[in-house]
Each structure stands twice: as C-alpha cells, then as structure tokens.
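Here come two complexes built around chain A, the first alongside chain B, the second alongside chain C.
Up next, the complex of A and B:
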C-alpha cells in the first residue's frame, strides 16, 4: 500500500515536471522588477524572489531539471560501470588490474572531493545549459566506481557458474553468452544500482547547489532553489521558500519507500540455454 | 600467523598502490592544468627567439609526466605539495593550520554519529516492539532524505555544536549497517543461549555485543569516518569552519589546482588508510 502511494506520488511529480511549461504561470527567468520579494498572491502562488521571478514557476522548472537529469546521470554511471566491468571479467589482458586500481582509487576519495577536483578542471563561469551538462555529466562519470565493483563481482560469479561453462564448452560465442544469458541476471542488479544512485544524486545536486557548484542561475534546479535557505530572514518572511526542500524530501522519502532488494542469485538462469 | 602477515602485507601493498595511483592522478592534474606551460619570459623582449625556444624545450623535458610525477611524489614524501595559487602560501602550511580543526570535527562527528546511530539501532532491535522499530527506521529515513548541507545550515542557524551537525548527518548513514549488525548478533546461537540462561542485559552488551563483535564495530567506525570525510565539505563550507573541507571548496571555486591536487592526495591516503585498517580489523570479511 505504502509502495503504491509512493509510486503514485513519484509519477505525479514526474508528470508535473514534464508539464512544467504548460502549468507554470510564467517562464522561469521572467522578472517583474516591480514585484520583488512579493508575498503569495493569485498570479504568484508562492510569491516572488529577490529578482521578481515567480517562485512557483521556478519550482516547476527546477523539478523538471532535477527529475529528468538525475536518472540520466544515474543511467550514465550504470552504463559506464557495465562497460568497464566487462573487459575486467572477460580476461582482457591488464584490464582487470587497471579497472580494479581505478575503482579502488575512486572509492578512496569521498565523492564530493572527486567531483570538486573534476569541476576545478573545468571553467566555473559557464552558461546555464553547460553547467547543467557539467553538473549531471560529472555526477554520472564520477559515480561509476561502486556499481563497477558490484557488477565485476556479479559477472565473476556468472563467468564461473556451471551454465556459463556449459555454454562455453558448447561453442557459444562470448557476446551471445553476455547479451542473451548474462544480461537477464545483470538487469535486476543494474536496476538496483539505478535505484540506489538516484537518491544519492538528488542529495548530491542539492549539496552542490547550496555550495554554488551546481546548476548555474537563472536555470532553476532543486539545488540552487534551496540556496535561499541561507537567508533566514527570507524564510521567515515567505515560508514558501521551503517548498523546493519539502518537495525534495517528499521525493526522497517516496524513493526510500520503493527500495526493495532484488534477487541477483546467479545460480539459476532465467533464460534457458536450450 | 602466516595468513595474518600475508593479509597485512597485501593490505599495505594495496595502500601503497592507491597512494601511487593517487599521486599520479594528482601530478597529472597539476601538470596539465591550464596555464602550467606558460612562461613569463615569453613576454620579455630582451630574450631572443632561439633562447626562448631552448628554454621551452628544457621545460618540456623537465616537465614530461614521468619526470614531473617522480619529482612531485618525492616532494610530497617530504611534505611539500607545492604552492597554492589562490592563498599564495605553501599547501603544506595551509593544511597544517586547518587539519586540527577538521580532525576535531571528524572525531566528534564520527563518535557522535556512531553513538546516536547505535542508540537508534538498539531501539529498533532490542525491545522487539514494532512501534519503536518503526520510529527508529522512520527517523533515520527522514534524516537520510534531508541533504546534509541543509542539516548543516539548520544547525548553524540554531547555533548547535558543529560536531553534533556532523553526527546527525552521519546517523542515518550508519544506522542501517548497525541495525543489521545488531540483528545478526542478537540472533546468533551464543547470544540466544546466553539470554535463555538469564544472563543480565548489561553483561550481554559488554561481553557478547561490544566485546565479541569488536572487529565489526571497528570496521564500521572506519566506514563512518570515510562517510564523515565526505560530509566535511558541505558542513565546513556552509558553517564557516576553517578546516580542510572549506579549503577544498575555496580551492575549487578559485580553480587552485595545486591545492586541490595536494588535498586530494592527502584525503585519498587518509581514507585508504582507514579503509585498510578497517578491513584488517574485520578480518577481510567486509
């Protein structure tokens, strides 16, 4: 019951995010200079910010950026991890120690430090669209290590399992074993990694936004929308400032409610070898 | 005994490998940073083109990555991580000034996180009451849903002690593991037998739970410390704490690559060291 409710809430948030341009009363960057820091009214349900931009519209567009790009970043991490794990497991010379070494070093550096290093290599004064690609792209690129370790272990188990040995001795090609018989096992694992990474990236984007290293204004995201929390007087004057944080927490709780552990046992093949 | 020595040897080898790879990454970061190859003599009108070309060739030779890496690593081993471009001070000096602040925050936050996480896990498991278990899981879930940076801001404005900020941010990140560990311990045959024989709860806690599972607790403390490292940047940057996390944040904003590289190398070494110690204490089970 709770899982269904959580799923319904997440779907509703995703639908609102997708329909943001149709629902929002104003574009996210439209400024009404005569209506700065205004309280909520009929035209601006959550009031306006210090530049006269409608908070409600910015929340809708910000939700769209976060809700669409966080899963994309998580998908990038999972795909990278899968691609890097494959040669390590299928006995490509030097691939295993190289991947293992880079995984260990990536895991030895806290994620935020790693992100900051990569971010410091790139220009900070970027356009909003570039900053979106940088923020979520770097998240996707730098988050491959944990899934790679999980995939490598699972693939090693698969490689050494009886049915893969049987398939190899039957003369089946490696790519066919991987795609037709290996992937169904790894699919549930990949989905589990996606489910783990999505909330991690939502929190990371929020942290980066508050630190000024995330998506650049005027493009809104949950991270830069909660920057207003640094000004307690603004929060006291207009509690709607807390709406992005409340929505973020609601989405996080719903994702937590959906978390279930998949069965990744490689003992039984879901696809018959015959 | 031999297996223990082999395990220690393998762990130390792995640690050395991580540091060497981390050093290579840090050196490459500094070597290929924008502006590294720029020579101010190039704008000196008194130096002729041939001399400039010869100087450039010499710099190229001296700064080839393997040579630069060896020099960087040797200097780092002596504690010299270069010069910060934004603070105009040696990186080592900056780290020396700020490390104690971060160390205090890390120690207080990690111990506090383990303490509060332990209490919550205990509440979820020991009394065997669905309501308490739900409350503990719910509280942990709620705290996990709040970005650590927001928690840090809230505690900062409430003027709460900063290690408490770190502890509360860390709590949900250790709660799950502590709960699983406690559940495993409480359902172990030895503990069930001890409970059936009427051993007092205090004795159970100290002899069986804290004593027998000390290696696992130690490994968990290592994991918690690594998590705390990750929380250093948002907590220190937003709460204006002059520690290593704030230094990393300022270095990133100023694109001060020598400082970022030095910090990365040191943090990599510290985290890998803690990880290795945790794995050794846990007997490689982790």
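Up next, the complex of A and C:
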C-alpha cells in the first residue's frame, strides 16, 4: 500500500513537472521588479523572490529540470557501466585489467573537487544550457564505476554459466548471447542501479546548487532553488521558500519506499527446474 | 572392385591443457558417418574437456588445444572464430549434461528455438517446423509448451529440448556430454532410445560421453575408454564387456553387477510407447 502511494506521488510530481509550461502562472525567468519578495497572493501562490519572479512557477520548472535530467544522468551512468563491463567479461585482450584499473581510478577520484575546479575555469556568465549539460553530464559520466563493478561481476557469472555455453555451442553470435541470454538477468540489476543512482544524483544536484555550482540561473532547479535557505530572514518572511526542500524530501522518501517494494521489482520470483 | 573407404565424419589427434596441466595427451580417434561411439571415463578424466576441445571452446574456458581436428574433411584447428561459430550447432551439435544448468530459465521455449534457428539461418523457419522438431523428440509442439519458460520444464523435458536444439540444423555429428546423468532410470532409458532413433532416422554420428559403461553399451557401435588423459582401449561393446584388455577397463567391467555384465550388450528397456516414457496406473 505504502509503495503504491509512493509510486502515485512520484508519478504525480513527474506529471506536474512535465506540464509546467501549461500550469505555471508565469515563465520561470519573468521578473516583476515592482513585486520583489512579495508574500503569496492569488497570482503568485508562493510569493515572489528578490527579483520579482514567481516562486511557484520556478518550483514547477525546477522540478521539471530535476525530474527529467536526474534519471537521464542515472541512465547515462548505467549504460556506460554496461558498455564498459562487456569487453572486460567477453575476453577482449587486455580489456579486463584496463577496465578494472579505470574503474578503480574513477572510484578514487574526488569528483566534487574536480567539478569545482572545472566550474572555476568557466566564465561566470556560463549559459544555463551549458551548466545543465555540465552538471548532469558530469554526474552521468562520473557515476559509472560502481554499477560497472556490479555488472562486471554479474556478467562474469553469466559468461561462465551453462546456458551461455549452450548458446555458444548452438553457434549464436556473442552480441546475440548478451542480448537474448544476458539481458533478462542484467535488466533487474540495471533497474536496481538506476534506483540507487537517482536519489544519489538528486542530492548531488542539490548540494552543487546550494554551493552555486549546479544549474546556472535563471534556469531553476531544486539545487539552486534551495539556495534561499541560506538566508534565515527570507525563510522567516516567506516560509514558502521551504517548498523546494519539502518537495525534495517528499520525493526522496517516496523513492526510498519504492526501494523496499517487493511487488514492483521485476522478475523477483525465483524460477527453478523441477 | 574394392569399395571406397568410408571417410570419417570426425578424426582428431589432440592434446589439451589448462596452463601447464595436460588433461588430454595425444588423444586420437575417428568416427564414421552414422556411427555411435561412446567415450567412457571416470569423473575428471577429461571427457568434457575433449568435447570442449572438439568444439574449439576450450580457450574460452582458459584451456589450450594443440593437434588436429578434422570434421567432414575440414581442419578445424586453424579456423577463425567466425568460421567456428558457423560450424557449432550447424555441423556439430552439442547436448550438455544438465538441463537445469544449460537452459536459461528466464527464456521461453519458443525463444530458445528461434534463437537457435537464427544462429544459422536468415530465412524464417518453415511453418510448424518447431512443432515437428519438438514432436521428433517426444515433446508437445503446442503453443502452450512453446510459451513455457525453460525454468518451468521438468528435467526430462529439458533434456529432450536440449536434444531438439542440438539437432535443429541436422548436424553431421552430435556430441552428447553425459546427457543422461541427471535423469532418473526410466527417463534415462527413454532418452537413450531417443538418441538411437535420431541416429537411425537422421544418420547423425554421435560421440556419447559418459562415465556409465552400462547405460551406453546398447547404444554404441564402439566404445572408447579414456583413462588418465589417454584412450587406453577401443572396441565393440561386446568385446569391452567380455574380454577387456586394459587393467582400467577390467576394473570398470568388474565394478558392474555380475548378472548385468553377462547379458551385454544391454538394451535399454522402456515399457510403454516408444521413447515417450511409460504410463503407470495411479496408486
């Protein structure tokens, strides 16, 4: 029941975020300079920020950025991990030690500091689209190592399995064996990795945004929307500033509820020959 | 005029090793078209290694093979990976030991059949091809069975399905690696009879690998005894049973029950319909 409720909440958040242009009372970057830091009213349900932008509209657009791009970054990590694990397992010469070493190096790199250095090298007026690509692209590229370790171990088991041998003796092509025989077993692992990475990336984006290193304004994201929380007087004056944080916490709780769900995990029932 | 000598479908002389450990040393044998040869040896004597070596799959499992493997007049040892892929499942079929291990439990029977077909054919399979193939190994060709997952099959059904997959492209040679060791006695006899029927019907030569001399005696035209990495004795089943020459073969025969030894070659007796398995009244 809790899992279904969590799923319903997540779907609702995703739907509202995707419909942001239709629902939002104003564009996310529209500034009404005569109505800065205004309290909530009929036109601005959550009030306005210091530049006169509608907080509710910015929350909707910010949710859209996070809801669309976090899963995309997680998917990029999982796809990269799958692609890099394949040659390590299918006996491409020197690929196994190369991928293993590359994974170890990737896991030991302080990605946050590298990202701060990278952003420091960029001009201050970096465009929002560049910052989006950098933020989520870097998350996607830097997050492949842990899933790659999981996939490599799983694929090694698959490679040495009896059914892969049977497929080889049937004359099946390697890519076909991976696709037909391997994927049904890797799919649940890939989904599990996605479920692990999505909340990690939501929090990462929030952390970067809080530091002013995430998505560049005026484009909103959960990360740069919670920057306002650094100013207690703003929070006291307009508690609606907490809305992005509340939404982030709600989404994280719902994702955690899904992680423990036994009824939506794919192919969880064991099969055995009798 | 003397008849032309029969060209063996398979002739090999090979040495197989894992690193420095030599598992098979200069093992040599030939199998004529349509012949059933049984390879008997103890567990760990290198029987499965020989099967993997003949399929050129030993290198995938960390081993190495030197020597010669000639299939239908074609030397296999120098062939590329792609060329060998074209031979596996097409000219050499392989029936593994355990359906529990060899059938992907998540795949449907229809998927396994379709993928095995696609490995060597670009055209669609003829209508009802899979149904008739399944019926040839005494499995139902119904859509219900085709939609079953391999993990839902019984061991006997799984073994028959493995045989169906192995014979789909009508190979010249079938390597059967202890295909009955996971089966109960009745299913074992039925599967042995099925192998004999397929051999007679399709003319497929069979290399039957087993540790059980008794179970394959009736099936075989010739028995090869593998011991400590080499073939130590070769002969007709009757000769192996009644006058074994090598001490290992003598020990093997002596280990069999006396009354069974004296009645060789042994016919796998299966009551009920031919190879379909018996039907018994309920308790």
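Definition applied: the second predicted complex is superposed on the first by the 244 of 274 C-alpha atoms of A that agree within 3 Å, B and C clash if a C-alpha of one lies under 4 Å from a C-alpha of the other, contacts with A are read in each partner's own complex, and residues count from 1 in each chain.
To be clear about the criterion, a contact is a pair of C-beta atoms (placed from the backbone, for glycine too) under 8 Å apart; a residue touches a chain by one contact, two chains touch by 3 or more.
What you see is a predicted model; the values in this text were computed from it and never measured.
Asks: Taking the superposition as given, does A:77 touch the first partner, chain B, the second, chain C, both, or neither?
Replies: neither
Asks: Output check: A:108 vs chain B and chain C. Expected answer is one of first, second, both, neither. What do you get?
Replies: Touch partner of A:108: chain B, not chain C.
Asks: Can A:161 be said to touch chain B (first), chain C (second), both, or neither?
Replies: Only chain C; A:161 stays clear of chain B.
Asks: With the two structures laid over each other on chain A, which partner does A:245 touch: chain B (first), chain C (second), both, or neither?
Replies: The first partner, chain B, only.
Asks: Quick one: classify A:181 as touching chain B (first), chain C (second), both or neither.
Replies: second
Asks: Scan A:169 for contacts with chain B and chain C and give back first, second, both or neither.
Replies: Touch status of A:169: second partner only.
Asks: Is the number of chain A residues in contact higher for chain B or for chain C?
Replies: More residues of chain A are touched by B.
Asks: With both complexes superposed on chain A, which partner does A:63 reach: first (chain B), second (chain C), both or neither?
Replies: In the superposed model, A:63 contacts neither chain B nor chain C.
Asks: Could you list, by residue number, the parts of chain A that touch chain C in their complex?
Replies: Checking each residue of chain A against chain C gives 91, 161-163, 165-173, 176, 180-181, 184-185, 267, 271-274.
Asks: Per the contact definition, I'd like the list of chain A residues that touch chain B in the complex.
Replies: Spelled out, the residues of chain A in touch with chain B are 101-102, 104-105, 107-114, 116-117, 119-121, 124, 203, 206-207, 210-213, 226, 229-230, 232, 245, 248-249, 252-253, 256.
Asks: Touching chain A in the complex: which residues of chain C?
Replies: Touch list, chain C to chain A: 55, 57, 60, 85-90, 92-94, 96, 98-107, 111, 115-116, 118-120, 149-155, 158, 162, 165-166.
Asks: Can you list the residues on chain B that touch chain A in the complex?
Replies: Spelled out, the residues of chain B in touch with chain A are 14, 17-18, 21-22, 25, 29, 33, 141-142, 144-150, 153, 157, 226, 229-230, 232-234, 237-238, 248-249, 251-253, 255-257, 260-261, 263-264, 267-268, 271-272, 275.
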